[in-house]
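Each of the next two complexes has chain A plus one more chain, namely chain B in the first and chain C in the second.
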Partner chain A sequence: MNWLELFPVALFFISFFGLLIGKTVIKSIVYILLMQTSVILFWLMLGARHGTAPPIVQDAAYLANLDTMADPLPQALMLTAIIIGVSVIAINITMLNALFRKYHTADWKTLDAMAREQEDNDS
Partner chain B sequence: MLLFLLILWILSAVLVLLEQRPYRIVIYFGIFSLITSVAYLFLGSPDVAMAEAGISAFTTIFFLVCMERYYAARRKVGAQADSETRANTVPVRKRFVRILPALLFSAGLLGLFIWFIPTGEISTHLRDQYLALFISDVGGENAATAIYLGYRLYDTLFEALILVIAVVAVSHMSWFDGTAMTGSGRRRAEIGHSSMAVFTMRIICPIILLFGAYLFFTVHLTAGGGFQGGLAVASFFICRYLIYDIYDIPIKKVIKMEELVFIGITIVAVLAIFLGVVEFAQIPPVIYLNTMNVLIGMKVACSFFILFYRYIAIERAS
Partner chain C sequence: MLTFFVIIPVFIAVFLFVFSSAKTARILAIGFQAALTVWAFYLLLLCREAEVVTAVGDYAGVLGIFLRADSLAAAFVLLTSVIFLVLSIYALHEDNSRLFWFLLFLLEGALIGLFLTRDFFNIFVLVEVSTVVVAILLMYDRKRRNMAAGMKFLMVNIIVMQFYLFGLGYLYMLTGVLDMEAAASVIQTLNPRDLALPYALIMTSIAAKCSLLPLLTWLPKVNTMPGARSSIAAIMSGLHIKSGIYLFIRFQEVFGGMASDLFLVIGVLTAIAGVALALTQTDIKLILAYSTVAQVGLIITGLSVGSGYSYMGALFHVINHAIFKVALFLGAGMIIRLYQTRDIRNIRGLWRGSRMISIATVMAIFGIIGAPFFNGSVSKYLLGASVSGALEWVIILINLGTILVFLKYAAMFFGTPPEKLETSSAWRCKLGAILGLGALCLGLGLFGEQAIAFIFNAQVSVDALGYLEKSLIFAASLGVGFVLYRYVLAKRLDSARPILQRLKALDFGFGVLCASMGVFFAVVLVVVGVWGA
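Showing the complex of A and B:
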């Protein structure tokens, strides 16, 4: 494999680590975004192993130099993934706003304590 | 060149990761998205690069408004003892011990990933087949478009469905009781204070709309397509809000229109690909590609328009 592909893999696990120790909800959402971007970059690098010319055909003689073109399949899949990712982020941020309205904080520990308190009050 | 870009990329990502102040996270995230988009371009995928550039602009706006509310909420509570004020009281060694399990866990996962990654030559059978046959099978000159509108149409339908669900969820969850749009005490867009910004936007607005139309109708020839064109058209409406401070468009009708367009996408897709009407009636594939892209673009434009209005204009005013 190409050793350049280790960059997105490394970033994916660094942001996974950040997701595990993140203190505020905002930073958790940013880590999710970073993980998603690194996955997309990894797929595109897999697709560009054999060549980095865009898969757009200019003339009929393109069949001769198929080997210089990037793989179009990961590109089509990643377009879909980008749109789905932004839907996920939009929903996350809307939920975060509801959280602000109700609890006035974005700190995981404070929120956890508040939720526990509420459970104790209910039971 | 790619190595240089990747080093810049990972540096900007580390900046995002290490920063604690929320406003700066947004700025560093913008830099990160720009570098990512250029890297996509160098990897031979202009479609994805354009989509990433457009999407990251929207994400930045979302995050900025989110930060604004975050600070407003903090001001309302006062100096509450949460993580931002508490961070420096814990000694360094104790903090390190606290994060050690997480560090070991993610490092172990990284090691496993690298250990199990396949090393041999990857098969290029599917790529060669798609590249050799897409002109006769689907049509057009852009292989990525041919794949997401022809071979893997299920994915596009699923993605359109997810976008509809996201819009419904956002408008269901956001705090809106229907009175904010007619209230007199609503806040104006702050950009109105700067006449230079308003002037620039007035010039840029029609160019953006023209660019969106260009992306709709040249999808079979060059990079671009429904998603990117839809983003451009949605940003035209957002500029309209920013300049003239109009948000008089009835959101419910736009949601209804988006659902209708989604039904239209499904019908066209089923007729054209699964029932083979394009081949049966000898319709040129360019017409199918353009119809599909205009429909997808309308849907994406409606979705982002609703997300923006719901999220910024209405919630902010209430």
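Showing the complex of A and C:
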């Protein structure tokens, strides 16, 4: 294992720790974004484990270098993951917007208290 | 062929998005949905002979992406289409916007896709799709929605899917494939300890989907969001959580039943916690939601026992639970509309108030507590058939807990109803839907053996003497439960004891939710990494 591969792993757990202590919704969203980035980085490094030559076969001679080619699958998957990640974060931010308009705060603790109050009134 | 099972719901969704204002269009959509159900039935018949496989994109071998339907997948597809058929009948006269219909059927497509696919990455994509759709559906009513709970739901689900993707990366590094069956055959050759990290990461995400013990608190809160319609709550509790259980079954297959002892313990603890939390609630939707947690615990226990009958019983219980829990939630939705309250203490005299809702609800309750001749009794009999010793008693005790919960729930039938209870003729569809589900509870109970033989293509024999014994145990637990509830619990539960109040208002902050994920992850990692099993 390349020592560089430990970087996304560390980033993943650091951002998870950030989620544990994050006090506002905005910070939590940022940490989720960071988490997504670390996972994508991890996958991309997987693709380059054996080599970094682009996996495009131009001629027969190129086939001899199969071992040094990058694995094309991870980057294809990560393109999808990036798209999903972007849309999911977009929905999060949209919801945060609506949330802020309703409660005028983005602090988790205040939010919980206000939501609980609303629930008690409803039932 | 299998691609159409995913495409047809999406087609219905688009169709309703365009035409939903016309009632004939909605009836036509129900027709399409009924056709899909019949076709799912046919798929189940086909799967009895051999697995149905469709290669998406026409690549053969491990390189391709496959939709595969074996009996299990086909059973879940049939279950999904039946539940959505019932829901579309239930919601026929509701004043829903086109977006609601669109998202509802999009969700069906995503769920069916999830049940059919065997590609790890497809699962990630489809789970994300269904999460987003469910989140929007939950927050559908603008005025009364609980944004904080919805935000938590969405974020928790996104975080666990990052866990999944990360674990998948490790798995891909170790196995080099993304197809489930190919991965399973590679994993057999690996040392279980090497798999500890990917296994723990993936299982954390799946456990959060099924809301197992340390992660359970997000689900019930979401279910009862005042803004969430009862039909959406029914999907959440009846079907969406089953997708988590389905993934649990599949991944346990892939990993060769790793850490099943751990999940046995977690399942039992989840069931106990679910029962305890359900007993303290006063909101009828919360009672149902926490009882879902208890039943999921029971199912996970049965699946982790591993031997034939218990496993079969747990699978059958998944189907049964979906049916009666959807019936209960839809019934609860009508009751809430009738009484204009969700507080169980203020709902009285339902039997005299509305006979039909009562009959359907009673049938579903008989199902969930495992009364003889109803479907729950068959699956609970099988669950307890191949376990012995302490575990057998634990399962009986959990059922006693379920009986207690539903004795509390059944209190709504007695007493005198308030002066005016308005039912309208537009309710005929709703009544038909829940009565149909209630009848299904009875039918699957009477023909339990045949149903299992048909659905899962497996022979089980329900021993008449054993069934009688279970029925006697049930009668005894019902008696004990009644005495316990009437003379001990009824007075204490609603009193203002601080510990009960704290249990009732169980509502963790976001940080604690994430911490519970971390704890679960660490426990699985340590158990698999140290003991290697």
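What to note about this one:
Following the convention adopted for this analysis, the second predicted complex is superposed on the first by the 118 of 123 C-alpha atoms of A that agree within 3 Å, B and C clash if a C-alpha of one lies under 4 Å from a C-alpha of the other, contacts with A are read in each partner's own complex, and residues count from 1 in each chain.
Operating definition for what follows: a residue touches a chain if its C-beta (ideal position, glycine included) is under 8 Å from a C-beta of that chain, and two chains touch if they have at least 3 such contacts.
All figures in this text were calculated on a predicted structure; none of them were measured in a lab.
By the touch criterion stated above, A:36 is placed in contact with chain C alone, chain B being left untouched.
Shared-chain residue A:105: touches chain B; no touch with chain C.
Of the two partner chains, both chain B and chain C are touched by A:96. After overlaying the two complexes on the shared chain, residue contacts for A:114 are found with chain C alone; chain B is out of touch.
Contacts of A:6 after superposition: chain B is touched, whereas chain C is not reached.
Across the two superposed structures, the residue set of chain A contacted by chain B and also by chain C is 16, 20-21, 46, 49, 73-74, 77, 80, 84, 87-88, 91, 95-96, 98, 108-109.
Partner chain A is touched in their complex by these residues of chain C: 121, 124-125, 128, 132, 135-136, 139, 144, 146-151, 154-155, 158-159, 162, 165-166, 169, 172-173, 178, 226, 283, 341-343, 505, 507, 509-511, 514-515, 518. Within the complex, the chain B residues that touch chain A are 2-3, 6, 9-10, 13-14, 16-17, 22, 25, 29, 32-33, 36, 39-40, 42-48, 51-52, 55, 58-59, 62-63, 66-67, 69-70, 72-74, 76-77, 80, 82-84, 87, 99, 102-103, 105-107, 109-110, 113-114, 117-119, 122, 124, 126-128, 130-132, 134-135, 141-148, 152, 155-156, 158-159, 162-163, 165-166, 169-170, 173-175, 222-223, 225, 227, 300, 307, 311, 315.
Looking at the complex, you find that chain A touches chain B at residues 1, 4, 6-7, 9-11, 13-18, 20-21, 23-24, 26-27, 30-31, 33-34, 37, 40-41, 44-58, 62-63, 66, 69-80, 82-91, 93-98, 100-101, 104-110. Of all residues in chain A, those touching chain C in their complex are 12, 16, 19-22, 25, 28-29, 32, 35-36, 38-39, 42-43, 46, 49, 73-74, 77, 80-81, 84, 87-88, 91-92, 95-96, 98-99, 102-103, 108-109, 111-112, 114-116, 118-119, 122-123.
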